Amino acid sequence: MYRDGVRVREVAITDKVDCVHEKSEFVWIGIADPTAAELRTLQQTYALHPLAVEDAFKAHQLPKVDVYGDQLFVVARTAYLEGDTIAYGETAVFVGHSHIISVRHGSMRAHTGLRTDLEATPTLLAHGVDYILHAILDFISDGYLPMVETIELEVLEMERRAIDNFLGRAEISRIFALRRELMRFQRILVPMGEVASKFVRLELPCIDKESRPYFNDVHDHVRRVQMIVDDLREVLTSVFEFSTLLEQQRTGGITRQLAAWAAILAVPTAIAGIYGMNFENMPELKTQFGYFVVLGVIASACSGLFLWFRHTKWL
Amino acid sequence: MYRDGVRVREVAITDKVDCVHEKSEFVWIGIADPTAAELRTLQQTYALHPLAVEDAFKAHQLPKVDVYGDQLFVVARTAYLEGDTIAYGETAVFVGHSHIISVRHGSMRAHTGLRTDLEATPTLLAHGVDYILHAILDFISDGYLPMVETIELEVLEMERRAIDNFLGRAEISRIFALRRELMRFQRILVPMGEVASKFVRLELPCIDKESRPYFNDVHDHVRRVQMIVDDLREVLTSVFEFSTLLEQQRTGGITRQLAAWAAILAVPTAIAGIYGMNFENMPELKTQFGYFVVLGVIASACSGLFLWFRHTKWL
Amino acid sequence: MYRDGVRVREVAITDKVDCVHEKSEFVWIGIADPTAAELRTLQQTYALHPLAVEDAFKAHQLPKVDVYGDQLFVVARTAYLEGDTIAYGETAVFVGHSHIISVRHGSMRAHTGLRTDLEATPTLLAHGVDYILHAILDFISDGYLPMVETIELEVLEMERRAIDNFLGRAEISRIFALRRELMRFQRILVPMGEVASKFVRLELPCIDKESRPYFNDVHDHVRRVQMIVDDLREVLTSVFEFSTLLEQQRTGGITRQLAAWAAILAVPTAIAGIYGMNFENMPELKTQFGYFVVLGVIASACSGLFLWFRHTKWL
Amino acid sequence: MYRDGVRVREVAITDKVDCVHEKSEFVWIGIADPTAAELRTLQQTYALHPLAVEDAFKAHQLPKVDVYGDQLFVVARTAYLEGDTIAYGETAVFVGHSHIISVRHGSMRAHTGLRTDLEATPTLLAHGVDYILHAILDFISDGYLPMVETIELEVLEMERRAIDNFLGRAEISRIFALRRELMRFQRILVPMGEVASKFVRLELPCIDKESRPYFNDVHDHVRRVQMIVDDLREVLTSVFEFSTLLEQQRTGGITRQLAAWAAILAVPTAIAGIYGMNFENMPELKTQFGYFVVLGVIASACSGLFLWFRHTKWL
Amino acid sequence: MYRDGVRVREVAITDKVDCVHEKSEFVWIGIADPTAAELRTLQQTYALHPLAVEDAFKAHQLPKVDVYGDQLFVVARTAYLEGDTIAYGETAVFVGHSHIISVRHGSMRAHTGLRTDLEATPTLLAHGVDYILHAILDFISDGYLPMVETIELEVLEMERRAIDNFLGRAEISRIFALRRELMRFQRILVPMGEVASKFVRLELPCIDKESRPYFNDVHDHVRRVQMIVDDLREVLTSVFEFSTLLEQQRTGGITRQLAAWAAILAVPTAIAGIYGMNFENMPELKTQFGYFVVLGVIASACSGLFLWFRHTKWL
């Protein structure tokens, strides 16, 4: 329990704490991967709505803000890199006049650091539950940028490679995998942005008008991440189109070379074939220098063709 | 007929039951594939609007909410897997102050289980017709997720195969069929989501404000299914583009191999052709080791070309 | 002229009929491909707006609703199959408090049947001009579905053929033609849907609130046709993409076969070329079974290559 | 200066004409490619806003409506065909209570005809400045349709040729050029439509509510042109896709023919090569009819292959 | 500090200047790449909101307008060409009733010229802080057009080359790079346009209604740049598609030539092969003119084929 920005005492989850008079007095409870029993206790103590409790228990929600009478239920999604893929966690927050309860699923970073930071600045903590909610959303959305920047490095490296070389099967496969990861992340970012913007645009219970610039700041941050993700997706699509066009050009170029060499080599084959015939009366065969003339003709024809194909850029 | 959450008696469809005083008193009638006569009887008993009755009879409507004076007419679509394709059923619901009539077409799961469940929780049943309507919509939309998850397994298996192998004609055909099934399902999901969100956003007759969170929950569920379907469609499109690019690369690679082998084999053909000519004066033919020198030259030239093509990755 | 749903007398187009007192008293005039003179007479008799009269005369309008003071001007487009293409007609309707005038261009089905049907149900006819307007719009939009279903049969037949075979030039040409027909039809359907929805959403002169469900029904019908058309267009696009990918795969497969046979046939050519040289000292030529050994070597090499290509699925 | 629809006298651009009492009394000034000095004079005489004057002087604006206090500033774009490309002109109009000043840049058709027409119908001219403004916008948008119809003829001719033949480089180049012209024209049409619709939807100074149907008519006209342009762009895109698919099919067909002929011609080459070897002991060479048997074998094998390829449609 | 459009004295950033009475009295401070300390001082002197100060310090914001009580915080992005890429700067502006503070990051053009220009026109400067803000936004957006026109020249040169020639790898690479630059610039332009339009549409503190036309002018300018960028992007995409189709046609053409020459050259090879066989009984070999007849047959067959391929446009 906090009063005027200072932690006054620990509360058990069955304690009903009522502090209606003072906005700066409230209880902040944080639990991770709760059991059904824990949630049921909290539900009874703080009159949480059964539908909200069910969502907090089951997880796999999209980011959203639900209003239940004078309480709020907020779902946010955390995201972090796990090897090559983006892993998602989920934080559900129940907000009432004098309580704020956060329920975490699979998010790796506990809120302990956040709590310590806030307790270090009692003037901020004294603003009440809306400020805590903002701090949680800010904490979550601050986790997006470093992750996206790591992906950006890989995407730009991909792009560089696509311009210098032809892409192999593994690289193409990675481009598609990255594009998919970004597409999925965007499906989380869009409703996260909407959650933040709802606190800016709408009158919601427990949220003071004074806190709007803070939620607007979260919205800005999410929008910026969204723009980078949009950009990365388009870079990947460009890399894909670029590779397709280059591969097509390469095949075209090889077809031209193949055609040129086939033409050049057809000359000795055809001429030699003719003088390899066994007719009895073939006058050229009997001349003294016929063989050397033919060799010369073959050499000139081949060189001529070679130079011609060079000239037309086929070779 | 139900009063305060308890089934008080059976009613025939010609019985007019009027229980204006009490929200918790209402009649719940469920029929499947009704005859025109049955619907006409119900229409007269409960003053249903002729246009609504016509829609309930003809089926093949899109999900929608129509307001007829102080009554509501709701159409929802059920979906289930039938072999490889999604089959659709249709449930039309007439809602009045003290009656709720559901008309099912082609939906495989009867509402009997739903009715039993609700009768087991009289406190919920006592909420009135809006709660029953929510329960029906929830029952229908809960059927979407397992179906979509079955499709997801197939799509992910497809994707895995596309990355490891080249796709055959049957697999490509299946990708297109799946994409189409999902596209069609999305055409049902979008208006289903709109139906649910109308109960959240609009003032509608027979629907209490207290029931909004329940309809919001249905909306959430539909939205989540929608997001998965969006995702699956994009995976299928990616698999398609990926296969196209790989096939193009494969053809390019084979063209290169073809060109390389054609060049290597052209060497013995050309040289042998020349020494196969029948000129009388071809000095090389008379030397003792000319044949072996030529064999050596052919072997070296072929090996040289082979190594060169290896070096340039054409072979 | 109609009163209380019953036709009371014929009116000439120059007769001014004023029946302000009674909604159920009105004049219903229907003309097809009118002359400028006829329209000018009607304009003077019923105070029609010159811009509306011009549109009704010139035709080639998009579906729309225009409000001119206390009168309405509605344009709808009819559509029917004419051989392989969709032909369009146009029906303009002037609606006033006690008159409704429909002007048809190029639409094949006259409204006589419609008029007979309505006169058979005087209770409906007694609703007034808004009901007549609804009946005309309904009549027109009811003509869309059978047409679209005819096209659907052709599209599905196309799809079936594309899966079983490679498409020829004529079939590809037909796919593009169909796609274009559907695209054009959709350009009519979208504003037709907007026209219907305007009568549902907006307060318009001459239109009672009670008639809204009837216009909503037309809107529903148009929306359903729209959804089928959307679906058919996407099927055609899929057929096109599917054919492109299959054609690409086929060319790839043939390139592989070509390469394999070229390799197999290069073996006898190269070996035979070598033993066809005319060197005097070629010891193998003098051995007794050299020829048969070489034949055997050629046969084994060719069989070996053939089996190898079979193994790699190139043949 | 006009009063009650009649031209009462000429005014110099420095004359301040104030006729506040009567809507039907106003000054109509038209200038083309004005000097800065002329515009400065007009600005002082009629209190035009400096930003509007700047826009009218600089040109290259998009169509728009700006409100400056109780005056309006409207920019419209004219379009006409100049050889193969669409050339654009610009007409800026200042509208005040008792003045309307049009400034033309590069538009070929002067407003003289328009002015004569209007002076011929004083009842219309008496409506005031809003009617003049409508007449100018109508005059401009009426110029779009004949131009678009000329382009339509070319596009349909293109389509016909693409279906009958393969397109050459020049034709493909023209398709891309046309597509671009239409794309650019659409960038003008969209804001032109918005300008017209603003006069219908918004309360604007100097514009009476009675004139709305007239502006709505302009909007309709622009919308219809837009729809044709949309259609033409899609036809061009279809022609492009169609050509791509046909070209791909053609290359596939030629690859098949190439493979078939290569196979057929490999038979005599391989067999003749074998009997061209110089082994001393080749029993077949000594038989009396060996040569003819071999010729027969070659002929049968080639015919057999030819018939087989005919059968599989490769030839 | 300015009063009635005249600079009255210099102010240090720690001076608190309060001039509530008079709109034309205000302080205009401009700093570039500020230290944290400078910003902290300004924050204390002018009661700037901490979130705004943080954004002004950290930079990398998207263009936006934030309202903090009776102060505004505006972020705009400058853009200029740096070699081949667009470099971005950032200008943040704090606006209060009697102060305007601009903070520049990485923008190359200082506001000194702007300040000198404004001081030269005291009547404009006397309008107050909203006019200064407009002047800054106008200064920034005026920088876009010349940059876009430079890019336009390059794009049009690209297009011209694509029509006349086949594009090389470097040119394709440049097309993709340009497309990406434009895509990124558009991500700045869209919110810049929104910033300008907010000052036109919304009631914002410190902004008089009289200044709306000025911000509308900025909006117009940004919109025009946006349209050019849209156009350039579509030209680049067209160039890309055009090159793809031409490359495909070229490969098709070469495949046809290859096939034709292979057919022509197969004739002498096959015939010569046959007469090169060593059968003892080959009557033609003994005839006097057999050789010349065969030469003639070969020549005729080759010429015939050549003419045939010319006729079918394969050669």
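By letter and in written order, the chains are A, B, C, D and E; residue numbering begins at 1 in each of them.
We take it that contacts are C-beta pairs under 8 Å (C-beta built on N, C-alpha and C of every residue); 3 or more make two chains touch, one makes a residue touch a chain.
Which chain is which protein? Per UniProt: A, B, C, D, E = Magnesium transporter.
Since this is a predicted model, take the numbers as computed values, not measurements.
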| item | value |
| --- | --- |
| Neighbouring chains shared between chain C (Magnesium transporter) and chain E (Magnesium transporter), ordered by label | D |
| Copy pair chain A (Magnesium transporter), chain E (Magnesium transporter): interface residue numbering same or different (half cut) | different |
| Cα-centroid distance, chain B (Magnesium transporter) relative to chain C (Magnesium transporter), in whole angstrom | 24 |
| Intercentroid distance (Cα basis), chain E (Magnesium transporter) paired with chain B (Magnesium transporter), Å | 39 |
| Two or more partner chains touched - positions in chain B (Magnesium transporter) | 248, 251, 255, 258, 262, 269, 273, 276-278, 282 |
| Topology of the chain contact graph, where touching chains are joined (line, ring, star, complete, other) | ring |
| Successive chains along the ring, chain C (Magnesium transporter) then chain D (Magnesium transporter) then the rest | C, D, E, A, B |
| Residues of chain B (Magnesium transporter) defined as touching chain A (Magnesium transporter) within the complex | 163, 213-214, 216-217, 220, 223-224, 227, 230-231, 234-235, 238, 241-242, 245-246, 248-249, 251-252, 255-256, 258-259, 262-263, 266, 269-270, 273-274, 276-282 |
| Chain A (Magnesium transporter) - residues contacting chain B (Magnesium transporter), complex | 49, 51, 55, 60-62, 64, 66, 68, 169, 172-173, 176, 179-180, 183-184, 187, 240, 243-244, 247-248, 250-251, 254-255, 257-258, 261-262, 265, 268-269, 272-273, 275-278, 282, 284-291, 294-295, 298 |
